[in-house]
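What follows is subunit A paired twice: with subunit B in the first complex and subunit C in the second.
Let's turn to the complex of A and B:
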């Protein structure tokens, strides 16, 4: 591998990592306020991607304009998810896994019914082509996706650290009962977290669909990636998620460059198992529970 | 109530025994019910591990290892019977490995580890083409030979694998019943109730945990070996499919965790509803019952369907049950 190719691979992986960061944040937001693991997270992203594809092929609009549309389309599901997650029995981590294993199966069935098993890609001409930066050629689509993801992550960071809403959400995720005693409307904080997390997932799906082919069973890999990042970075630490996301994107890009795309899924599963064994504790470890 | 349960179970067993001649040895229905019976075995094996407190999201790993092990041995000139046993041992080993590796994981994190483990084996089967045939898998696996000491109608072709699946399920149920009433069952229950307290009482949880994994993996892998000799092909996305992780979990929790007959009953019921009622009319939604059953169990029926039955009267003589 020449030095240019290596640099190219690293840059392209880092751009992908920005997308992974956005995806993992939506996962860990729900985890932090509900202690529930959403195994259907990746399926929701794929659903957002399919909706984006559907709008795109019908309207021909620029895919970036469809990001908020797909995000809004998942809002009703956010309310359903919250309603279901509210009723989870203890231990929540395990019961949420079982519940969302079922939800993931249902979502895959629905997507299979609506779009058959065909592979779909938002192959917009506005995203093809590449930009020269120094000696590197960067894919324009990846740059746009990374920029959009970083904008969303930055916006989320500001919202969580600088607004009353963000304080309420952070307090709720630290200690639900104490937050409620202090007069924080924890139900509202939870509901808005679900709405925001699913809107981000839907939007992320559109971005994903411009990079990768969609297929109904493709969500699990994204879920596993989100869990790996959450283990690496801890829950609710935005900057560490960004570092972990970029690292994961780079690892993935190097794997693909050295041994071909066939090994990608295997490497993701290996990383998850290794991370679980290395941490051997809760994902929410380090936070008060 | 318990007596009613046993009468019901007896009737179901009799109906299953008589099904092949009654259906005129219809190949499609026999294949369907054989698969349902294998799922019953898989759900019972899953339940055995759950009895020791370990919730697995990765039984596809054990099923698939059994399937590949049996297929490779069968293609390597072993008799299919020995091939299935070898596949079973491979599955037991694979299950023991993840049980040992995840010694310190519990609950949701163990579940995630097993989920990843099954995905790893699927990835290996995809990529280790020299052995596994890669994504295309292996074909030409021989059928099960008829047993010489039984009438040919009952051991040949679909009827043969049907009766074998039924016998296998009954054997696994009998072993499970034996385990429930033995010291092994007590140790599993102690590990489940509280790993910490069990170790204080002198039961070291780890060996029992590994044993529970190995036993559950062994039965699941035998089911996998039997399955490949029925369908006679093996592919990574077929036998390491998440389907074989999610279905035993759904069936066992829907039928009632830790009960003897619940998981197998739910397996037969859910699988047949899915394949006979939904598959012909709304094929894309034939997996719907599993997803819905899981949601219903988690939210409304924590004990599964067995939780609907009134619990057996507390007997004055302790000793029955757990």
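Let's turn to the complex of A and C:
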């Protein structure tokens, strides 16, 4: 592999990694606040992608403008998800698997019924073409996706660390009972977390649909990636999710460049195993909550 | 009217009756002690009073407001703070941040300027004697320090009633002396305190009134000297050493 190709691969992997970060953050927020594993996370992203595709093919708007539209479209589902999660019996970590596995299948079949099995891509002309940066040629679409994902991640980071809402959400995710005893409205923190996480997922879906072909069962792989990244980074650790996301994007790009796409999933699975064996607390170390 | 009043409180866990129709009343500005052997239902009662458990039967009033069905965060905002027997601060956070949370979310006497919130947090850490540990990680504290941190966290919401769960147990004699001084100081500040202690001696020194729970029922209620002399209490504690 030549040096240019290597640099090219690294850059495009990092761009893809930004999208992974956004996707994993939404997943890990729900996990840390509710202790529930949302196996339908990837399917919600794909649903966002299909909605984005649907709006795009109907309106021809720039895909970036459709990101908030798809995000808003998933808000009613956020309330439904929270309503269902509230009714889960203890231990929530286990019962949520059963519930969300069912929801995942349900979503896949609804998408199959609505859009059939055809592959869809938001192939907007505004996203094609490439930009030269020094000796590097970067795909314009990927750059836009990465910039949008990074903006969302940055906004989320500021909201979680600088606002009263963010403090309530972080305290709730550290210890729900202790937070409630300090007067924090934990129900509101949970509800807003769901709303935000699903809006981010819907928006991420549109970004995803500009990079990859959509198909109804495509969410499983995204869920797996979100789980890998969350375990890798440690639940609720914002900065390490960013590092892990970009790292995973780069590793994936390198794997594909060296050996073709068929090793991709295996490498992700091996990474999951290795990270579980290496440190249970994630990249940032320490115990997980 | 009593500040806190519970009537007919019962709690069943499956077939186990942890509380059987308990009546309690805590008057304003008093220190009321709750004694009882292990498993007598003391912590269960506290969990009901702070909203973590919903009683199977019975009602609780605070300031005349019925609060039995309220979630814990609303009860906290009404003015009830509590500590746990086993302290559970937010892990991986500094002592300072732990106290800052309650200061930030208190419903009354709230500060809008971050500077004021920090000053208030420092003041609370000063009260419990943890000012020098402000930057330490909550996990690194000793048991006595963690108990003091819990107390500062409970105070951070500006409660009018404090539920203290075994503040003195597990501490050295010197630590216990300190806890007794805390009780006195908190009472001076006008707080009402409902406290579980395993040790007679601590409560005998600080309480205005004592309640004794045994097997889920109140078996004695009165002034400390009166209660500790009652044959029913001696019987409930028969075979139990007072480590106080």
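A few points about this structure:
We adopt the following convention: the second predicted complex is superposed on the first by the 272 of 289 C-alpha atoms of A that agree within 3 Å, B and C clash if a C-alpha of one lies under 4 Å from a C-alpha of the other, contacts with A are read in each partner's own complex, and residues count from 1 in each chain.
Operating definition for what follows: a residue touches a chain if its C-beta (ideal position, glycine included) is under 8 Å from a C-beta of that chain, and two chains touch if they have at least 3 such contacts.
This one's a predicted model, so the numbers in the text were calculated from it and none came from an experiment.
Comparing subunit C and subunit B on the residues of subunit A they touch gives the larger count to B.
Contacts of A:164 after superposition: subunit C is touched, whereas subunit B is not reached. Of the two partner chains placed around the shared chain by superposition, subunit C is the only one that A:179 touches, whereas subunit B remains out of contact.
Contact with subunit B, but none with subunit C, is seen for A:263 once the two complexes are overlaid on the shared chain.
When the two structures are aligned on the shared chain, A:133 is found in touch with neither subunit B nor subunit C. Within the superposed three-chain model, A:151 lies out of touch with both subunit B and subunit C [touch as defined at top]. Judged by the touch definition given at the top, the superposed model places A:79 against neither subunit B nor subunit C.
When the two structures are aligned on the shared chain, A:89 is found in touch with subunit B, with no touch to subunit C. Residues of subunit A that touch subunit B in their complex: 37, 84, 87-89, 91, 93-99, 101-103, 105-106, 108-109, 112-113, 220, 224, 227, 262-263, 265-266, 268-270, 272-273, 276-277, 280-283. Taken in their complex, subunit C has these residues touching subunit A: 50-52, 71-73, 76-77, 81-82, 88-93, 101-102, 104-107, 153, 156-157. Of all residues in subunit A, only 164, 167-168, 171, 174-175, 177-187, 286-287, 289 touch subunit C in the complex they form.
Residue ranges on subunit B touching subunit A, taken from their complex, read 55, 57, 101-102, 104-105, 107-109, 111-113, 115-117, 119-120, 122-124, 126-127, 242, 246, 249-250, 253, 284-285, 287-288, 290-295, 297-299, 302.
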